[in-house]
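One chain, chain A, links the two complexes that follow: it is found with chain B in the first and with chain C in the second.
Presenting the complex of A and B:
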């Protein structure tokens, strides 16, 4: 599915995107909504003002971090479904670390740095757990990931209603907010942190270099494509499987840390906001082509931001964005599959 | 039912797997089908059982030309195949496995299936618990289940692919009795095997394939040498041989035993000198492959001692073997040897001795260009390995072994290569053995190759290794007899003229 599809496939990609748009238009027609108006609303909702464009960029930050991590696990042939839990653990570790600094008098910069590192460690540990279960327990990473996601969510809920609850209350709105100085500094008059954007670009750049130019990347790819032959060639494949999980977990943990320090400033029940699963879609869509992660992540972020308008203006559910996101991946993969079959026959 | 193949051709890319095979099998016959791996047996059987379609030629059943589009289509025509690894559903119960193949109706008729199961069992003396889970059964019982399923579905032609590997002796007796009974009922049995004694015991006639062509049809009385000549080619080589090296011992095996699910091998005692070349001969799956993997560190011995240059390695990991400069080249190129999706350059980069953090692609490409020229690989540095032909993949594998080594283990080193390339490759290997002192152990199904390039030969039969024989003093005929399980003394006197001496261990 992922192999071979990249050769000269961009024309086919466009056909896939066209089919996905057509499919969504059909759904809109079926519900009695005007498709062109809906799509133009999506576009103006995402790009209609500077503020909206900034929102799109801000939304793309955690998505891009999750995607860059997933590109590593995909390269190693792993389906890291547990990424959601890894983001969540990143957020938990970040909040936990930042709470230690409350009233400590330490400079906020130090606190934020430590919080970020703690988040990465949290995500890395959670991912390592999935990796160890696979290597030593023979548990498929999809199953362990799913299980660990539930555990992570439960841990969040427990913390919000238990040890970290707001004094007196304890509500789904989250834990006691952290002091405002523990948030990443934002650009003047905008809900975006340049630091967060920088981190996400740094993440994708590192993954690009890792997969393209380093022995670690090459060995990960070899392990992903033929673990047995890689082992016989002398690559310690178990170790590389674990490395892939941990690297992905570090980036996912960073995404969780960004969710805390740049967006919510506290722990909320669904802190990962589905960016992990969305990252899986982006990674599948771009098919190992690391540089395409940036435009595709921005596009998906635009769909999220743009669809906020839909319920208000057209009484459509904002889940339309999700339908379009899913349809895109499906149609692009279908077109790839059809092309491959045609090539095999031809 | 009478089965007739007429001029069957099948090509896989550049490989011509079946070259115009014409074979007529009368109804009620137990037909043996022999040939080395890659001879084209499986391809022919896959064509008959509907897994693949032939490029040319036709299949006639009872004189009627048929098309067999799929395995389901095959069973509708009355053709059923019993695969070497049972194609069943281990997490399900015996009865459910039976019902899965049933094609009638929406709701499975458990009672009818149970009745059929009991009837067929009674006929052949099988006894399976219908409620047992298949993963609790032995390979032999799973095979019985498959046989029952195929008969229940109305198979009149049964193809059995090496059915006796992995089953117990009493199960084998039962299986053979059942097959004789089925043939007496007029069903046609095609029995694919590597084991000559099974052909002698069971088959009414036998056909031998070699390199995609039908080379012999043999009827009783059977003579081992007829089979060996047909399977391996009977030309007797007249090669200039060099005397074996007189260096210090490098590899020592003491009472080593090893096993997999099917076979127990050993105990084996063997001392290999530096620079010595040892050929391992035997029918496929007689134990030589296990010994090779044992020496590579890919299998752990179940007993005994392995030492390389005095260092005990029986408990070492594969990577420790690699660090001791032991390397293994597998026969299954795309499964164990090369990574599909990676280019030649990437393979040479992975194979480089020293690893920094960043890949020096310029240097890796330089290496690739050199090796491509050196091993005349038809491909470019950026070619993905799966795009190369089989022979060029083989050269790539050999090119990946170029670091200095103490011990080199090769599975079918020249399979898929033309004669000229094979001679060149062996020239290189022999040079390494002589000048670097690299000891080489290799498996080959080409007896000429074994005798020509080995200093000593170990012959495997049913998990037992012969004493090491001097290649110079062993003839192809003797080797053929030994492979067929004829005892050493008999082989010597039968083959006459030569007096091979068993070298000291």
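Presenting the complex of A and C:
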């Protein structure tokens, strides 16, 4: 997708980033906040201590899993906006499976493994639904995805206030926590699970190999570049569309499973934490090139962790991080467009 | 008494649908010109916040609406510039703006959260509002609701009964032919993307200054409505009347989910509240599945008379988007 026009545009990309920072600085100035302090707090706030760096890495896990899934659907030319719901379904399936193991006496390792696999299945099924609606129903994946996101969220709320209610009365704080042994083991004295980090790196590595070096990846990309031509040339494009959705759903479901087993240890109303939509931004910012996924996901995770300091230190709303995350993509897209126009003219 | 309550409820449905009506009318115009503006959800939040902030600061509800329209037009202009002039993907730019304007609303709005502000006063129309049934349903609202009625009619007539409306249809369906006939396609697209943005920009203040008066930050309950408005635009088949009907239908479903809750005790309330979304997907399925590969293939295997009947049915259901929707236009 216009790749050659974009490769090597590092100067342009830096200009885009500079403009995004300038835009956020202007907003800060207009609201009477100290722009330099706020932006540096946003970026460096995440690196103040080992504990915060660990937080950044932990935050990047579900984001990276979501991004790697989305790189597959993007390769197939699909806008999988339903990823938020796929993460949510992953979390629901994981909690559901783990609940079966409570008081069963089964080894926790087995329970966690089954829970993670269940989560992947949940995400994969929800994504398959969007894929089937597109292929057999002609429903654009953006709209089915949005609808399914809402359905997934209300399913969570229904479970929290209904069948999985806390003993006594249900509350927005979520279901009763699962037994602590059903959580992924954490590193000593740190709120991070090496297993979760490993899974996210494995996910991105598999996507890299899939898209770079396999026949399936090639056909996926062909479907994405030009579906009609691919179909005429004998690629079953419907099948590859479905494959892309399911693969993305599996990774999104795994992200949901990680949210349960490594972060919350229960089901909460907004279990996907917006990582799906953020993953879409990351995928766009790296121009769908897999190798950049890890550093950019880490940077976006750092902005999230850094923004927690905003209200505490500067009494600013933490949503500023989202403004910067969006502005970066917006201005990089704009600068890309300007470069292409200039090239055409010159 | 039961009947009175029904009328009051339905009048409420008509009122609560009005911001969605503004949004779907604006998006319909923009998409008719061949541009899809995906940022509606964030735009509604940003214009709701800024409309409220301006009205609360100046004390003028009118200025609040003006601010909403201005910001809506501005976001429309950004979409137009990046997608038409810079030829970036309309979906990408719209999605980024949807997220960014939402967070911008929460960030900029935080000082105004929970504050008191002015709201649009009720304005029952004399005489007309006294007519039984019709009066309370349609003529006992505020100016925002009346404006939504007027705009439905104006947009419909503009699109299907005027010369510029015909040009607009041409720009979205056959941009190349429109260009040959002397129409500046990209200028039209700019115009309708900005105009559509301004209309969507009415939706925000309609919430924050009338339907759900006030600004409550992330718990304002407005997040998600813009995505629904986008789905309703498709449901409406890019026809202002059908789109408005979709908006009323959606508001009706939401009201029913509240009213029926105590009656249908077997069904959890969360299921009812979310009912509009599967219905929306189902509707999109109904209007679209006729044009899919496999249905076409199945149909060609049917005997002639059956095929004709099924085809006629599909054609009735089918709505086709403006052919050039989402594409860029370049002069050769």
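Following the convention adopted for this analysis, the second predicted complex is superposed on the first by the 339 of 346 C-alpha atoms of A that agree within 3 Å, B and C clash if a C-alpha of one lies under 4 Å from a C-alpha of the other, contacts with A are read in each partner's own complex, and residues count from 1 in each chain.
In this text, contacts are C-beta pairs under 8 Å (C-beta built on N, C-alpha and C of every residue); 3 or more make two chains touch, one makes a residue touch a chain.
Bear in mind that the values here come from a model prediction, so they are computed numbers and not experimental data.
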{"item": "Fit or clash - chain C, chain B, common chain A", "value": "clash"}
{"item": "Chain C versus chain B, contacts on chain A by residue", "value": "C"}
{"item": "Partner chain in contact with A:140 - chain B first, chain C second, else both or neither", "value": "second"}
{"item": "A:327 touches, of chain B and chain C: first, second, both or neither?", "value": "second"}
{"item": "Partner chain(s) touched by A:190 [first = chain B, second = chain C, both, neither]", "value": "neither"}
{"item": "Touching partner for A:218 - first (chain B), second (chain C), both, neither", "value": "first"}
{"item": "Chain B versus chain C as contact partner of A:157, first or second or both or neither", "value": "second"}
{"item": "First, second, both or neither for A:234, with chain B first and chain C second", "value": "first"}
{"item": "Clash with chain C, by chain B stretch, listed 4-12, 22-30 or 94-102", "value": "94-102"}
{"item": "Contact residues common to both interfaces of chain A (with chain B and with chain C)", "value": "none"}
{"item": "Touch list for chain C against partner chain A, complex", "value": "38, 82, 85-88, 91-93, 95-97, 99-100, 102-104, 106-108, 110-111, 224, 227, 230-231, 234, 268, 270-271, 273-274, 277-278, 280-281, 284-285, 288-294"}
{"item": "Chain A residues touching chain B - in the complex, by the definition given at the top", "value": "3, 213-216, 218-219, 221-222, 225-226, 228-236"}
{"item": "Residues of chain B touching chain A in the complex", "value": "298, 318-319, 322, 328, 330, 334-342, 346-347, 349-351, 355-359, 361, 400"}
{"item": "Chain C-facing residues of chain A, complex", "value": "27, 31, 79, 81, 133, 135-140, 142-144, 146-148, 150-151, 154-155, 157-158, 161-162, 238, 277, 280-281, 284, 316-317, 319-323, 325-327, 329-330, 333-334, 336-338, 340-341"}
